[in-house]
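The following pair of complexes shares a single chain, chain A, combined with chain B in the former and chain C in the latter.
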Partner chain A sequence: MGTAPASRDVTSYGMGLAAPLALFFLVFFVAPLLQLLWLSLHNDTAALHWGLGQYLHFLTDPFSLSVLGSTLLLGAEVTAVCLVLGFPIAWLYQRVGPRLQTIIILIVLLPLLTSVVVRTFAWIVILGRQGIINATLQSLGIIDTPLKLLYTQFGVVIALAQVQMPLMTLPLITALGRIDPNLDDASCSLGAGSWRTFFRIVLPLSLPGVIAGCTLTYAAAITAFITQSLIGGGQMLFMPMYLYQQASTLQNWPFASAISIIFLLAVLAVVSVFTTLGRMSRGYGGA
Partner chain B sequence: MADTPGGRSLVVDAVTHRYPSGALAVENINLDIKGGEIIALLGPSGCGKTTLLRIIAGFIAQTQGRIIIGDDIVDALPPNRRAVGIVFQNYALFPHLSISENVGYGLAARGVDKASRQREAQRLLELVQLPAMAERLPRQLSGGQQQRVALARALAIKPSILLLDEPFAALDKNLRLDMQIEVKRLQRVSGITTLIVTHDQEEALSMADRVAVLSHGKLEQFGTPSDVYDRPQTLFVNTFVGSSNRMPGVVVSADRTAAKVRLDAGAEIIARPAGGTLSEGGRVTVCIRPEHLQFVGDETGFAGVVGMSLPLGATVVHEIKTADGAGVKISQARIGETRALENGAAVRLAPLAPSLANAFPATL
Partner chain C sequence: MSGRKRTLEAIGFEFVMTVIAIIALIIIIAPSLVVLIVSFTSGFSLRFPPPGYSLRWYAELWNAWQLHFAAKNSLIVALWATGLSIVLGVAASLAISRSRTLSARLLDSLFMSPLVLPALAFGLAALMLFSLVGMPVSLLTLVIGHTVVCVPYVVRNTVAALAQLEPTLLESSAVLGASRLYTFRRIVLPLIRPGIIAGAFIAFMSSFDNVPVSLFLRDAATDMLPIRMWQDLEGKLDVTIAALSSVLIIATVVAVAVMERVTGLSRRLTN
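Up next, the complex of A and B:
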């Protein structure tokens, strides 16, 4: 006793402690990714001839490009809907009593507590031709023929937005909670109305949360295979399903790999734009 | 109402506030503050100071009563229309805006153009002696500097009333004194009616023209610092403002101006009936400040035995045990070699003057 140093610098701990996780990543993440890359660099399905043919094919094929485009657009739409709906919820959360706060948190978290498949089927029931919305509108005499809601971009966006909402709301709640309530009062006592206070004080200070929420929602929305394909149906094709078809149905593994890599790069590009914005806004939050 | 060029009068008229939770935070407070006065709201933690301040600023709508600024009843006005400047205890500077933008914020809300805003911000920053900090962010400033910025920001809107909530609580002692002098200087220059919330009695007594002492949401006394210190109206004020020995006793005889009290410590002394007239035979608590006691050589005063002596720089405080077992503190100026008091020595004590012993009806 007494020989061990009283406290050790965190950085002096051996990297050995990180080895299990590193190994896990190596085996289950890096290796498959390398294999994917290796596969994508072959021109034929049997993966015998090297070449950039798969990438060329994707980047010159209008259909493939339109799938990529509509997927990225879908992500943007879902993120926008989540932000517009999630911000008021987060804002409300900071202004109600503790009992209502519990209820709001419960409602926000509820989507996370049920399976994606169940939630998605619930949306089918709601949006379908004979679904709740159409039945209600028809019985009220507002419409004669059922609206087409299922298998549309609108349907996919709404369903995804509901599913991904917690990813937006939780970071927003955290960010808004870190804003000193006195700042609101200070702004108000200096003569600012509630809109000026919101746009000059609350919104800028919550930007780190906005950006975290957008990044999470976006990444989750464009990769949400189940919801995209069940609500989108056969007519709507997005990258995850496109990839799945190429790999599973057509057994074209090199092309599927190339799609994966391109998709990955596209997502990384969007996410890094978000994080750059986030880093720029980090200057706020402090204090 | 008496308004000075810089500041308007403020009347707190029978204001009561009960929080939705049921807590009665402020009860029937009446304050009549002249334009240009500097007032301290003094009281222990939880007595309702912040609540009263927030009612005046308009952040809380009081349950009952009225707030009148100048000639206007402002109860229906939201905070952004009251022209009340407020400095928060934690300064509440906008962390993402530069110092200059912070100070100019209120002007921007009034539609003042950018150039005039910056000019005015610079003028105010010079006033609070921080001219070189305009482009910094709040977190790049020290606590005392942030305090000055908060003050400049509140002054920028030319408020008719300035409210300061425990403005110096977070500052260390030397800086606190600097800022107290600074605020008083600015207040004199601008003539703005100023209300300072504090639980530091020295601060209240040194800065304010008048002090309002609060306890449990009620106004105990509202008067000049010397009123509050020398002529306290309640036992609470006497013990909260400055330190005081509390000595129980029984009234032997009393009229409006003087009462003869037999102390439990075993002596008869003359005291001032502080909380109204006293009834003969009633139990009272006599308060005497340590610095208002003296050692006496003759048989007047009450007897005691010296316990501990604490040299506190300019004064020495002796703790004396009296016959009834209570402890009494006496403080003496340390001039030359003070008479060394041995532990256990028998002494006699008496108040310097009858008016310096305050008798309050005992509340049992």
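Up next, the complex of A and C:
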């Protein structure tokens, strides 16, 4: 060692170490997705005739379009609820002592690591006809007959918001932690009120975290198969279940492939919009 | 300090933020508590509060062989997928973390992409590939599918741990005559081990909880726990599931507490 003039850089490892995983991904990740794309470009289930028939079918079918639309809308609603509820948690986190900080983090983390079926099941218990909300409202005499909360858009949004909350809160905590606390004091001592300081200083500076959180929450909410199907029930259909029905129950693989590709592109479009916004906001907030 | 008006306004602001934060924290924690309480019901329904308390549903759970079978499969697949993710992921992290080349950045994006792409689309794609090459679904195909979606967690945490490693440590070790392998074993590995463990833990949990990939790659002979639970819940609202959910919640709490001690999990996920 050390004798060769161009001695190897001891602090870095060769790219060869990435080869096994790269190969694994090529065979079991890239290849299947390419096959999915290939199959979606065929008009028949035997995959003999090339064509854009599957995509035309989806894009001219009002039912398919409404499923896509309601899925994208659901993602937006869940993201908004998560942001409104998650931001104050991150704000509180920066204001309490280390002991409480650990407790807050663990409360936020716990659902992230608890089985999603378990979390969804909990909401069935809460929102059901004999659930905690209906039981409380009835015993207080506010309502006579149980409210229908399960199998409604409201139920799906609130359950999904709870399930995905960690994905919003963790990046926000990181972003708020990077803001110089002196800015807050400076703004206040210059006469700006707390609300003004919050909306003019804190919120803009935390934009990278907001955008990271929104991206993760949105992508997770629109693909949350279990929560959507159990809380939404049979009447509400979103893209993941639509895809699953076409693939498994109806065995229509080319159409299911086309749904997958359209769904994938929709997710990528949303993510890249958020990423672009994030890049712009970093230039703004990183000053 | 100027005036009483601003102080009042500040108190109002802090009050509103704190109240929303506390409501949000309650919304996060309440569902788990509700499940824990309902699982001890003596009744047949998920009524809350329960009419009485008993351990009957835990006795039911003890005899629910279908759930045991699914849990065993999920455990086997999660262990194999995590093991594979560690071996493949740590090696790849070493290669890409300290390199600024375009290929390293592209590989990084490739390895992270399963986190963003809808996993359901990947599940369907994997099923089609396996049926094309004539591989019937089995625990092996499940392990392969799960590894693809779990490896990003190992890579992300290992890369983050490697980024904090002082390059001078490696240089000093080399100057003192240590071989690369020796330096890796005695310097690098001990320093990045908490990061690897944290990543492996999240990978394990996400495999054990995986639905979108398992949905396509399992069948009756390779039933997986989350799918079994989901199908049970679609059919009837069985209180046995509440008992099982409580067991899983407690197991998660214990595991997170241990991981917090071992790896400082919470700090890793917030920076």
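To be clear about the criterion, the second predicted complex is superposed on the first by the 272 of 287 C-alpha atoms of A that agree within 3 Å, B and C clash if a C-alpha of one lies under 4 Å from a C-alpha of the other, contacts with A are read in each partner's own complex, and residues count from 1 in each chain.
As a working rule, a residue touches a chain if its C-beta (ideal position, glycine included) is under 8 Å from a C-beta of that chain, and two chains touch if they have at least 3 such contacts.
Note that the structure is predicted; figures quoted are calculated from it, not measured.
J.: In the superposed arrangement, does A:45 touch chain B (first), chain C (second), both or neither?
T.: Neither partner.
J.: Applying the touch criterion given at the start, work out whether A:193 contacts chain B, chain C, both or neither, answering first, second, both or neither.
T.: Once the two structures are laid over each other on A, A:193 reaches both partners.
J.: Tell me which of chain B and chain C touches more residues of chain A.
T.: Counted on chain A, the partner with more touching residues turns out to be C.
J.: Mind working out whether A:108 is in touch with chain B, chain C, both or neither, as first, second, both or neither?
T.: A:108 contacts chain C only, not chain B.
J.: Just checking: does A:182 make contact with chain B only, chain C only, both, or neither of them? Give me first, second, both or neither.
T.: So A:182 only meets chain B here.
J.: In the superposed arrangement, does A:272 touch chain B (first), chain C (second), both or neither?
T.: A:272 contacts neither chain B nor chain C.
J.: Which holds for A:204: it touches chain B only (first), chain C only (second), both, or neither?
T.: A:204: touches chain B, not chain C.
J.: After the superposition on A, what does A:225 contact: first (chain B), second (chain C), both or neither?
T.: second
J.: Name the contact category of A:66: first (chain B only), second (chain C only), both, or neither.
T.: In the superposition, A:66 touches no partner, neither chain B nor chain C.
J.: Is A:251 in contact with chain B, with chain C, with both, or with neither (first, second, both, neither)?
T.: neither
J.: For chain A, which residues lie in the overlap of the chain B contacts and the chain C contacts?
T.: Of chain A, residues 188, 191, 193 contact chain B in one complex and chain C in the other.
J.: State the interface residues of chain C toward chain A in the complex, per the touch definition above.
T.: Answer in residue numbers: 2, 6, 9-10, 12-14, 17-18, 20-25, 27-32, 34-35, 38, 45-49, 87-89, 91-92, 94-96, 98-99, 101, 103-104, 107, 110-111, 113-114, 116-122, 124-129, 132, 144-145, 147-148, 151, 155, 167, 170-171, 173-175, 177, 179-180, 183, 202, 205, 208-209, 211-212, 215-216, 226, 229-230, 233-234, 237, 241-242, 245, 248-249, 252-253, 255-256, 260, 265-266, 269-271.
J.: Write out the stretch or stretches of chain B touching chain A in their complex.
T.: Residue positions touching the partner: 57-59, 78-86, 88, 90, 92-96, 105-106, 109-110, 137-139, 153-154, 156-157.
J.: Touching chain C in the complex: which residues of chain A?
T.: 1-2, 10-18, 20-22, 24-25, 28-33, 35-36, 39, 84-86, 88-89, 91-92, 102, 104-111, 113-119, 121-126, 128, 130-132, 135, 158, 161-162, 165, 170, 173-174, 177, 188, 191, 193-195, 198, 219, 222-223, 225-226, 229-230, 240, 243-244, 247-248, 253, 256-257, 260-261, 263-264, 267-268, 271
J.: In the complex formed with chain B, which residues of chain A make contact?
T.: Checking each residue of chain A against chain B gives 180, 182-183, 185-193, 196, 200-201, 204-205, 283-287.
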